[in-house]
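Which chain is which? They are A, B, C and D, in the order written, and residues in each are numbered from 1.
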């Protein structure tokens, strides 16, 4: 079974006493990056504070050959057990190919390291029409707008699912599929309007995302609201002949050094609860096919 | 007006509760299907549910390394058992399995059993996400429990009794929901809380890939998932005698009123699930303690004053 | 179902709890022993109410007091454990016998 | 029927109580204790105090779940399955506990208890309790209330590493959202 394999790696690795590497959906088998080869946690071993003779482990026999937990400082000054988890690369509603190795105490992330697995780095699906336009091929503005709207709805669907709103996420995805399938603007606009009203005016969603993941471009709430605006503008310019003003407003901006997005994620998730970290990652939604993001491989 | 049912009611109660729960699941799936453009004809929805149930029945259980199998199974089974035990005091029209003199406290005790059950279900598989889900249930319980208790205390104060039958009888002239709306709202929120459904589904949250549900597969998953919906149905059924006058109503027989009202409450709860995203505990707990709790206490004060003046 | 039966149960719970209190090193396990002893008091008080009470509800009040005492004991116990754990990084009673940190 | 229930619950309560100090796992120890409490609460209900019995169920489930959280937090192995012994003076404790039980048992058996249970309207038990707590035993109730309140304050003070206003910062405005 998948789990057993994962656990074997863990036991030898000495990093994880809980047995599980991240998520059950993670396929440990056949994925060289998931198995611990380079032991990314070596650094942590040095950090485990001595003076705790109880948790030191020594030569004690542990159940199922699991390693003893390490302990490190935490925000409450209790020096509780630390657990190493791997989020991704295949986790439901998780940016495909992103691997976040985290050390948690309870459900609070203390350290994080982002890596990528399997991203092609040769161009995002969502950028494809604008890339073609840049190369001088004939591309209508509507084509770019359609892809942009689809991208925003795609990201939105993932964020809403993580935020625990499957109904709204389903609506976003349905509209995304229809838009990419060529839904005329006259039909798309009212459906998008309903979605925007529903999601944009949700006070609970706004309360739950305000102040999370504060970065240069605002917090999680600011990001999803921008997605909504972008989608509305894109759908409005579906029939436009010119290339619309909407460009790909991914978190990765032109001019950002490679790997900056991953670094931002690492910084933002440290100190947050697991659920908050999921929301932050979903709100940044890195596309690992984008060469600007896939720069750093694990 | 509420009388103990014959012994075979013990067999009927789980079936009736299951029927309500099934209805709630179907309604929820119907809403989800309509929102996401999936086929939403009743037959398609029903078929989808049957497929899922059958799939769980034939799929294998999952084993994890160093799991605590005893507590895991106890926790999984504990959830539906608590739901069924809780409705033992809930009257359907005139019938009730046992109208205990301390029925309200009994319901409360069974509801709290879900804390232990869900925690154990999260603890058992020795998996991080599952464990975090279990802990979230405890945190959620600590947030909703006091408003829930004060809502119950308000009702018991107004009726001067902890017996559900007597509480119904006291609403002959006016339903409690009319002058205890805060208690009613707090009660409904806590129903969503203890069945960890809808806006309060953080213990089984999507951000944990399913939380306490992560590692349960096959029959276990079915039992746990069904348990949640049974709890939701039990909570909705209990709201009816507590706040909506139970089987009281003109024209129709008492049982029909009970069913109608329960369906109404259940429908409102299912709709809430679809209209509101998950409420995260770190933001909900302060609200529950600093706003909802004082409000329910004031509500109880109102109830006490009304009883004194009456 | 006799008074002796109930009281023997209470005595058994009390003794098991006492064993726990005397033998356990972990503060939390020690508290479990204490809780068992309180539980024995509860059972005994309920028994006296049923079989001996002169018609007054005083025995019931004893049960209420015991239950509250359990709650208080647990809350204080965990708070103390947390404080000791933070200050000394121990959760066993043997390590918390001295009153001040060793030099 | 009542006798059978009594015996089943009594055996369950005692056996689970013993198991608390036998099982290896923190989580299982806590749930054994919970089981013991539930069985004891069943006995209290059997004695006619249905309200207090049910309240014990409510209290104990909450307490034990919180206890499980703390156990897992402070005990050394979070998986909770590692066999280990954390006892001191096991033999002495066993002897003292055994002696106490023997003494109590002798007393219980030797004393001539009144043979017939007192006949009284049991349904009024809860009402009587409430009346007592709000009447003759008012002082007890007030003391309990004050105790609980001071417990809340004291335990929070003890357990929290920072002061009351640290959370909100020096200007008491709190972290801006």
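Keep in mind that, in the parts below, a residue touches a chain if its C-beta (ideal position, glycine included) is under 8 Å from a C-beta of that chain, and two chains touch if they have at least 3 such contacts.
Predicted model only: the values in this text are computed from it and were never measured.
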Chains linked by the largest number of contacting C-beta pairs: C-D
Chain closest to the assembly centre - both centres taken as Cα means: B
CA centroid of chain C to CA centroid of chain D, Å: 7
Separation of chain B from chain C, taking each centre as the mean of its C-alpha atoms, in whole Å: 33
Centre-to-centre distance between chain D and chain A (centres being mean Cα positions), rounded to whole Å: 45
Shared-contact residues (touching 2 or more other chains) in chain D: 55, 66, 79, 81, 161
Multi-chain contact sites of chain C, meaning residues that touch two or more partners: 82, 85-86, 91-92
Touching two or more other chains - residues of chain B: 66, 126, 135
Complex contact set, residues of chain C against chain D: 1, 3-9, 11-20, 22-29, 31-33, 35-36, 39, 42-43, 46-47, 49-53, 55-58, 60-61, 63-65, 67-68, 70-72, 74-76, 78-83, 85-86, 91-92, 94
For the chain D and chain C complex, residues of the former touching the latter: 2-3, 6-7, 10, 13-14, 17-18, 20-21, 26, 29-30, 33, 36-37, 40, 43-44, 46-49, 52-53, 55-56, 59, 63, 66-67, 70-71, 74-75, 86-90, 92-94, 96-98, 100-101, 104-105, 108-109, 113-114, 117-118, 120, 125, 128-129, 131-133, 137, 140, 144, 147-148, 151-152, 154-156, 158-159, 161
Chain D partner contacts - residues on chain B that touch it in the complex: 66, 68, 70-71, 74, 100-102, 105-106, 108-109, 112-113, 115-116, 119-120, 123, 126, 135, 138, 141, 145, 162
Touching residues (chain side chain D, partner chain B) in the complex: 25, 27-28, 31, 34, 50-51, 54-55, 57-58, 61-62, 64-66, 68-69, 72, 79-81, 123, 126
Chain B contact footprint on chain A (complex, rising order): 1, 3-4, 7, 18-20, 22-25, 63-64, 66, 83, 85, 91-93, 104, 106-107, 160-171, 173-174, 178, 202, 204-205, 207-208, 273-276, 278-279
